[in-house]
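Below, each structure is written out as structure tokens.
Each of the next two complexes has chain A plus one other chain: chain B in the first, chain C in the second.
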Partner chain A sequence: MKQAISSAGRSAAVKKRWKPDRDLLFYILLLAFPLLQFCVFYIGVNFNSFLLSFQTYNSETASFVWSFGDNFARIWRELSSSTMFGDMLKNSLIVWLFSTLFGTVGAVFFSYYIVKKYPGKNFFKLILFLPSVLPGILLVLMFKTFGNEAIPAYAELLFGTEMDDLFIASDTRFIAIIIYSVWIGFGTQVLIYTGSMGQISPSVMEAAKLDGASPIRELWSVVIPEVIPAINTFLITGIAQIFINQANLWSFLGESASPQEQTLGYYMFWLVNKKEAGFQDYGYASAIGMCCTLIAIPLTFLVRWLLGKMEDK
Partner chain B sequence: MKKLICAGLALLLSLGVFAGCEGHVSDEQEPIDETKTTLRVATFEGGVGDEWLQNAADRFEALYADVKFEPDTAPEKTGVQVTVTENRRFNGESMLDSLKNEPYDVFFTETVNYYDHVHRGNFADITDIVKDKTLEEFGEEGTILSKTDPTFADYLEVDDKYYGLPFYEGIYGIMYDKDVFLEEGLYFLHSGSLEGDKADTLQFAAPTDADDEAAVEALQATLSAGPDGKRGTYDDGLPATYAQFADLVEKIRLGTSVIPFSYGGSVREYPMRAMMTFWADAEGFDQMRLNFELEGKATDLVSRINGDGTVQTYEKEISSADAYELRKQAGQYYALHFLRDIVLGDAGNYEVNGNTHLQAQSNFIKGNLDPNKFDVYAMHFDGSWWENEAAAAFETTEQENGPSAARENRNFGFMPIPKPTADKVGTGVTLLSQANSLAFIRATTEQMELAKLFLQFLHTDKELSAFTACTSMTRPYTYEIEEEDEAKMSEYAKSLYAIRTDAKVIHPYSKNSVFMQNQGYFAMDRWSWETNISGKRFSNPFTSFLDNKNLSAADYFNGLYTYYENNWSFT
Partner chain C sequence: MAKGVAKSKGILKWVLLALLIVYVTTLALPLVWALMTCFKTGSDYGYYENVIGFPSSFTFGNFATAWVNGNAGVDINGMLLYFTIPQQFLNSLLYACGCMVTATFIPCITAYAVARYKYKFGRVVYTIVIVAMILPIVGSLPSEIQMTRALGLFDTFWGLWILKANFLGIYFLVFYAQFKMLPYDYTEAAKIDGASNPRIMFSIILPLAKGTIFTVMLLTFVQFWNDYQIPMVYLPSHPVVAYGMYQFTLKPYSEVPVQVAYMLIVAAPILAVFIAFHKRLMTNLTVGGIKG
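Entry: the complex of A and B
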């Protein structure tokens, strides 16, 4: 009898062990592919880049060979003999300044305008969300045609002045690209900020109104403090963007952006993607990426710390 | 239910993991004829097009209509069907990892990093048809190797084996509208002596009606000798020297309503690459080859640029350890001077006539058809393939303007390269091909023998001639144009073939070990135009001169040496 009970108990225990945990299964299924993607396209790719920064390519044997300091020595030679990296860093910072800082300010204003349902909100919504729903290359083509065909035509029609195509003339090319970068940066930010602003309790807004707060006061004292965590997130992640943002230069100008208008992100992309590039510059591009990471990590932590301090206040 | 939907959506989104994976779907449009053996041929969708290949395939099919290619495995099949598929994805770089699984047997394509493919085992060994077998089956005595450009052939040889064959020659340069030159009186008249034809200024011919054949013929007998220093040849009446070219540009700018030069806005590397052709011609074959051989005696390195633009030179033995000395080559200075002072000038001799290369070609073609409606351009920067690439634009202009606007009835030419100084007139022509295009057989093909036979067929003299007649382009082989093909050629094709026949063509390859190990570095653009002017980097002289009006040719030239000396790491 005892033996029979023990046998039944074991059987029940076995059954219990084999019962699938549906929640766990769901959790595993949900995360399996994203994790795989993260492992392959983030950890794998970055680890490979790390290794590549210590390798050069031998095109005769079609193989990478270890050459520990060569790529970093090449960076040093460039740094010590020309202002190329300085120019690119300056351009990267200009793009960042406009697309992240000014873009953030603009996005907050536009979001507030949309949330407050002021006239023309739907038009702004459409224009600002457009970059998020259309393919990037289509937008570039549209913007480029607008800059090269429409703007000079309007200038001639309205002011009688002859104007070079925006993306051909050197004095307007980079400015036009910055304007584009700011515009396409709005979409995601406006989406997040309008969401955050929508969460603000109507009674808080009502109280501000009753206290006689103007819209600007309401934005500054009520709305912005509520969305500041979202703004900070964009500012912090934007630091890494300084070094990888190619500002759509490739889409606009292909391989022919001049060194004076290149950003660091464009230069690295150009090194590995230009026509007939082969694998010759993979190691060098990786080494530049490594150097950028070494700068970006402490800078990101510093900005995070500063923004945290400001948020606390 | 919500969880299920969420899981489904998550699964759907996670499919992005497979975004990098490539399928191998056949793009061919032609239905397969099951009664014949199929040979699938793929070609890059670009300037060369696929018409030449379609025509050759038809001739090959007719030649082997009664032959059984699979007597053991498919005895019911007689003859061969060659399908030709054109697509932009058939370029060497993007097929590096996928080629073995492609359904196509033979490829004609560009941007091929040959050694990368060979070491991956992508290309079939075709040594037998290149080196060993003669073209006897097609009525010729020699092998393919015997007619292949020796530098190119040497580069393709890997451990005594060949895995690919050169495809086409891509020569950048200046295209010109012969009708505009006739109608605006832009040809130079003969001075009375060949020596006199080298003078800095010559008289221009009177405007001539391009449709009046007798008047055009009469004019030709009165023209100057041109850069080859001989009268009665293809370059008569065209500028023999840079000084004459400057005079021509001045005449176009001040004496006509025509715009001297045009280029495509998104292909601003074309004028730069055209200047490499000028550089090669100014240097001559042996000196230009040093840029790839990286060993030998450089005979015209610039020690000083005089106030009048002439240069003082010296000689030096160079090796791969100090090959950056070649950035003092006088030919490179001359090309920069031509670009800065003659093409661009200070008065605006140029215009962007379209954003893309295709728009620019189209505007160049149609300008002179209706001068009241469009801007007319005398010259245009492009590659030797431009006329074939502009086939659709020619069709459009023909539909709009009638048969006289058809490609075969238009009158364009490849501008012969003028010489920097009068003493170099008549010293021969050197051209530089910058194509990097190859033909090869996929290593895993099941139709190896048939593919090899087709490749042999396409490299007979007759087929090489047919290629040039159809595409207005040339291939890096020794061959002559057959009479019936010559009759089909456009004026542009004839002009290109004439200059090509007169020239030595450089292919940018060598077997020097430093070159071989760093082919990406010695790709022409990078090993040519990087400059460091007071710490500022520039990499395209054309855009640099456009964007910096105060930059001189001498500034750019001197910066080349600074840059390459500072960044040289080869021994």
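Entry: the complex of A and C
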């Protein structure tokens, strides 16, 4: 009898155990597609990129073949025989420095102006954000036409000097493109910094004011510490930009940027998308990407560690 | 002391105001110039060299010419086919709307699952998002193109929608913060009343987050509508408006007033979106710093 009861109890327990957990089923259902997509288009793509860097394209058989080290040897040859990669790295760093330094400093100051509710703050916020909403290529077309057509005409009218087309003349176009990139790039940062600054307790600002802190002191000692996490996020995720930023070169110049003005991001994009691209340079571009990744990963973690130390202090 | 503080406050305020006025001027000047130029006749602009003055006579003909000549040519199997501006708009709508839906709802439902269910796997997903944001992987474009070709997703709208249906990135964190913030009492009460999991999600929680969902949808729509490089790479046979504009930038000088009129035609829809929704677009989506 006891046995029968215990066996019935066991089967009831088993039945209870096997009752489907509806929460778990729904949870799996929700995550199934996103995780599958992640496995294919993040893990799969990056793993394939790693494999591709050891392959070259055979146009006769129209297939990729293993060629251990060929792409890396080509990179080494370029590095040792020409200044191409050096120039590209220099340009990439210049673009990164300009946009980080001027972009961040400008965005912090402009955000401060908006948060302090100085005159015209809503209008300026709108205008600062506008370039982020308009198509980048439209702004490029507008500034390019304006720079090439109107600015030389204004220069002649106002100063009586003849001026080359800003975005065409080889001695001005790279710096003009960098300035343009910084100039239209404040929007997102201003939005995020104003959000962070808006969280500062009014009593803290009031206390600083009562203590006789000047606006510069208030900005430096009260406001900036509040936006430091957001600035650090931009700086950490921005390291990758050194290697992928095309600096609007493709939008301004298409395929025709000269080697002296190319960035690493532009060059990798150009290898895959130039008119006669085919699949020839897929392996080579992947190998360059892998080398850049190997530099970018430790650099990112180093910057993250340093910024973390500074934030703690 | 107080006098000194007031003085330095005044200086900082006026310096910043001056900088902002310079900034606005540099942005407004090309726009004002474009508005003047699009109404000039070709001879007024070219022959009489009226580059920066007011139009001698107003014409709307440039808009008609731009509408007719703003075709984008693409090479399909060795044949050059031209797409008119309305066709490019249609392609842009299909691309941007589809990607907007997938790029909003996939992070949204993933964040919902991670934030509202207390399974340990959620921590793994959260960590994946943070690591992927920090980890800079460079140069995977060739591999991605190869994968989309192998999976039959290349040069199709639905292929690109799937490609963009990933949960990685800032919007996951935005949705995660939103769903974490909502009280669990609603879910518990609904469960006691016998509501199923999908009903709780679609009828109770998602409506509470509709403001955030709408903002993210708008932001992603603008981002995809403005993008020309991804469609150029993955949708070579379906040129979008932004790609048409890119082709226009590379054309040897056609009449500048026509170019400018073309710019304004193409900018009109996105400017309308901005005017209608600028407050929502400029909502602060703060999620804090990156902590591993």
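Rule of thumb we're sticking to: the second predicted complex is superposed on the first by the 269 of 313 C-alpha atoms of A that agree within 3 Å, B and C clash if a C-alpha of one lies under 4 Å from a C-alpha of the other, contacts with A are read in each partner's own complex, and residues count from 1 in each chain.
Simple rule for what comes next: a contact is a pair of C-beta atoms (placed from the backbone, for glycine too) under 8 Å apart; a residue touches a chain by one contact, two chains touch by 3 or more.
Not measured: the values here are computed from a predicted model.
Asks: After lining up the shared chain so the two structures overlap, which partner does A:Q280 touch, if you call chain B first and chain C second: first, second, both or neither?
Replies: The first partner, chain B, only.
Asks: After superposition on the shared chain, which partner residues are touched by A:K144: those of chain B (first), chain C (second), both, or neither?
Replies: both
Asks: Does chain A have more residues touched by chain B or by chain C?
Replies: More residues of chain A are touched by C.
Asks: Between chain B and chain C, whom does A:L30 touch in the aligned arrangement: first, second, both, or neither?
Replies: It touches chain B and chain C both.
Asks: Quick one: classify A:W220 as touching chain B (first), chain C (second), both or neither.
Replies: It touches nothing on chain B or chain C.
Asks: Counting only touches as set out at the top, which of chain B and chain C does A:F102 meet: first, second, both, neither?
Replies: In the superposition, A:F102 touches no partner, neither chain B nor chain C.
Asks: Now for A:W66: first (chain B), second (chain C), both, or neither, which partner does it touch?
Replies: neither
Asks: In the overlay, answer first, second, both or neither for which of chain B and chain C A:V40 touches.
Replies: Both: A:V40 reaches chain B and chain C.
Asks: Is A:G254 contacted by the first partner chain B, the second partner chain C, both or neither?
Replies: So A:G254 meets both chain B and chain C here.
Asks: Is A:C292 touching the first partner chain B, the second partner chain C, both, or neither of them?
Replies: second
Asks: Find the residues of chain A that appear in the contact set with chain B and again in the contact set with chain C.
Replies: After superposing on chain A, chain A residues 26, 30, 33-34, 37, 40-41, 144-145, 254, 281 contact both chain B and chain C.
Asks: Where on chain C does chain A make contact in their complex?
Replies: Spelled out, the residues of chain C in touch with chain A are 1-2, 4-5, 8-9, 12-13, 16-17, 19-20, 23-24, 26-27, 29-31, 33-34, 51-52, 106, 109-110, 112-113, 117, 119, 121, 125, 128, 132-147, 151, 162-163, 165-168, 196-198, 222, 225-226, 228-229, 232-233, 242, 245-246, 248-250, 256, 259-260, 263, 266-267, 270-271, 273-274, 278, 281-282, 284-286, 288-290.
Asks: Any idea which chain A residues touch chain C in the complex?
Replies: Where chain A meets chain C, its residues are 22-24, 26-27, 30-31, 33-35, 37-38, 40-42, 44-46, 48-49, 52, 109-110, 112-113, 116, 118-120, 124-131, 133-138, 140-146, 149-150, 153-154, 157, 183, 191-192, 194-196, 198-199, 212-216, 219, 229-230, 232-233, 236-237, 239-240, 243-244, 250-252, 254, 268-269, 272-273, 281-283, 285-286, 288-290, 292-293, 296-297, 300-301, 304.
Asks: Can you list the chain A residues touching chain B in their complex?
Replies: 26, 29-30, 32-34, 36-37, 40-41, 57-63, 70, 73-74, 77-78, 80-84, 87, 144-145, 148, 165, 167-168, 170, 253-256, 258-260, 275-281
Asks: Using the touch definition from the top, list the residues of chain B that touch chain A in their complex.
Replies: 3, 6-7, 10-11, 13-17, 93, 111, 113, 115-116, 118-120, 265-269, 352, 355, 436, 513, 516-521, 523, 532, 535-540, 543-544, 546-547, 562-563, 566-567, 569
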